[in-house]
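Have a look at the structure below, then the notes.
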């Protein structure tokens, strides 16, 4: 399915979605945290889209916002879409889990929690994955500081 | 009135065992928390991070040339393919025209790396199921590839041979001859692998029907590489998103439908044959030309987001670069194949015995620095 | 013809210069010292042999630095192990933990006592030799069980439990396959069994059932000694080191040596029961009885090599497959085999020269 | 019947495996793939591109080619190279010119990525083939690559 057709189809589901294609080789869909889970389950289950393969889930610190970028691919139709969600709450960011849609998200979301401190609702096992339980701070955030281990130049 | 204290996490027969971080079967410093009933595995919980170096954070302060050498240290068994991934991402972002010669050499070296990685995996797979001799036979053949790499790249494991824009050095004059020697040598040794291990009744009993992964689960867990293909899931990046010179050659994507440990084993063995045939098709036709396009000393990517997938020996490696137009990436995420492949371990190992878990882990072919990054 | 009867001479000499009681004590001590020496030398030699053989299978060179062709390598290792610290876990059962290695090593030594090296070199020729061997060889496993249980380590415990399961099962096959041969000989005494083979080694006399019994014995013997492909107990890729995870220094060395001595004992029993013990092939050196030691050791080493070949070729079985192999394959085959053998002996179909 | 064919197949595959290892056992004398390292030191030769350590070649007049442009220092991802430089008077032109005082190379931090050698405009540094880098003291791994009293080779410009 082409990007235009995708945009038209997905745009009908939820009115608030924003689409961009600039500065990226894929179609980007921006979604608000409330509608994230609805959109994701639609993308997976809709026979037209069938995005059954979540190949990359990255947390990004956009400065004032924290966000997650989901890269989705359909293994039958071979089209790719990027879903972006951001939250402005840096103190206590909470998003919905997509673990029930793609099982691989369990580990990826734990990684994001570990490094960005984004909590996921309904995640079965949300705890530190790489770092120790008593680690203070979230290292991949831009404002993280560690005088001992970080060398900046 | 007395209240009975019940630990809800454990049934009375179950106990808890720490496999790793220093354990022969975890191939590095992976720690598995096993909940076991006798010998039957009830739950596997990986505990990661023992060699996490935060490469993604380091990338945010490094220039793009410097990032390439960090990727050597992720999946060190397919170092060259990792290098290629970053280089391709940067080249695509800069819209550089890469000479054909570079593409062909990159593909040949990539496939050599894949064979070398699979050789090591084969040796270690045998060792994990208890046949210690396979290790040395696998390493004997891997040694030849290492020599080829050393002669051309200068290093055996962490080559850093690719640079954005091409290759650091042109191939060594002996390269073609050595590769051809290796192909002749390896074609006599691969059937030996089959006779020693594949056909062995004990090995087959140990692997057939163990750790079954269905196609749906493979996709859902994001399995890639031989793990996914053994479940009948066509996930070869070289087929679906061809890069470098891979679209110039014909090769088969090895697919099995059983999804068990033995299928994963066979997929890797047959992939070695496929890689050999890819190299054979390319080795005589390396086009003449430049080995490198000159880039700016300071590479600044245009503002935007760039994603590049490549097929490493373990599966799909993704490089996701967010650039703000400066000389460093704003955010660089590596989607490593081992990380997703590890996440399905709990799913397929439960119900098996400790020996099954070891065999299953061997065919997932985990490289821990790749998972920990 | 000169009969070189060293042991007889020493015995007579001792009894001529001392009172009978003292002489027999001195003789016992002497024999004990001799057997301990054999034990140590055989163990160290077998460790070296294993390492060299493994190296040759694996395209390596193997230890060749210490002494000529590395002959002193294991000696150096033993000295190193002697000087190492004896570690242990905190809440281990200290008494059993320290006792376990001796169980293993004493049972191996006791089994060694009944092995007939040659006619003159046979410390303990009892009339229930085979029976004694079967009984003793299963005592060693108590040491393994104790060691695994008392060291307060889960890996060690799993290893010990596996060992228990394994020995209980394979003991049957070892016993039954030896009994198959006893059907022919009609005696349990090892020296008489060998004398009986002057008319042809038992593997020839008993032809087909004897060959089957030999195969079963080698398989279950390998399993008895916990060697690959039946090394469930150690299974280094699964359990780290299995039952001896927590042992170090000389206590570990006892386990290690006992494993090799057990391998030697299994090969020695097979030599005695199937390949005519000290008898030379076709009686070519019958006039030189002292060459018996050579023939005995040559045959034994041949079988030891076979076991090493198994170890460095095959993958390890899983614990349930191990039991399947025993209860579904070896045991029924063995039971049928023993009946066939009885029929053959009854119908006088044995091959004799 | 499959019971007996299982046994037959099992034994056959086991013997096939044993024939493979047995063949190598018999040809083990010539087939060893390992090397006896310290013994073969004289014959052991590294490939000419082998990355052992960074060296700075000097000619017979104790002159090197390093102009002190510090490109390698910037290219290095690990801070392995530190150039301590000075300004001196060029003898020919009489102008002030940058010259190196000490080219400090921390071998302990080097990842052999070859970026410094790749970026060097005057080919002043190159790979040495020495791979026996173990020392008893960590400080011995910090090396000054330019020899004492050495100076820039005439005619080498940025």
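Per-chain residue numbering starts at 1, and chain names A, B, C and D are given in the order in which the chains are listed.
Heads up, the rule we're going with is that a residue touches a chain if its C-beta (ideal position, glycine included) is under 8 Å from a C-beta of that chain, and two chains touch if they have at least 3 such contacts.
Keep in mind that this is a model prediction, so the values were computed, not measured.
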item: Of B-D and C-D, pair with higher C-beta contact tally; value: B-D
item: Label of the chain whose CA centroid is most distant from the centroid of subunit D; value: C
item: Centre-most chain [mean C-alpha coordinates]; value: B
item: Separation of subunit A from subunit C, taking each centre as the mean of its C-alpha atoms, in whole Å; value: 63
item: Centre-to-centre distance between subunit D and subunit A (centres being mean Cα positions), rounded to whole Å; value: 42
item: Subunit C and subunit D: spacing of chain centres that average the CA atoms, whole Å; value: 52
item: Separation of mean Cα positions, subunit D and subunit B [Å, integer]; value: 26
item: Residue numbers of subunit A (touch at least two other chains); value: 153
item: Set of subunit C residues in contact with two or more other chains; value: 57-60, 312-314
item: Residues of subunit D engaged with two or more neighbouring chains; value: 14, 17, 20-21, 33
item: Chain-level touch network, classified as line, ring, star, complete or other; value: other
item: Pairs of chains, among all present, that meet the touch criterion; value: A-B, B-C, B-D, C-D
item: Subunit B partner contacts - residues on subunit C that touch it in the complex; value: 54, 57-60, 154-155, 158, 228-229, 231, 235-240, 312-321
item: Touch list for subunit A against partner subunit B, complex; value: 22-26, 52-56, 58, 60-61, 69, 71, 75, 78, 82, 102-104, 106-108, 111, 115, 129-132, 139-140, 150, 152-153
item: Subunit A-touching residues of subunit B, taken from the complex the two chains share; value: 48-49, 52, 54, 56-57, 61, 217, 219-222, 224, 233-235, 240, 302-307, 309, 316, 318, 320, 322, 331, 333, 335, 339-340, 342-344, 347, 372
item: Interfacial residue positions of subunit B with respect to subunit D in the complex; value: 62-63, 65-66, 69-70, 72-73, 133, 136, 139-140, 143, 147, 150-155, 158, 160, 163, 168-169, 172, 192, 195-197, 199-202, 204, 297
item: Parts of subunit D lying in touch with subunit C, wherever the complex brings them together; value: 7, 14, 17-18, 20-22, 24-25, 28, 31-34, 36
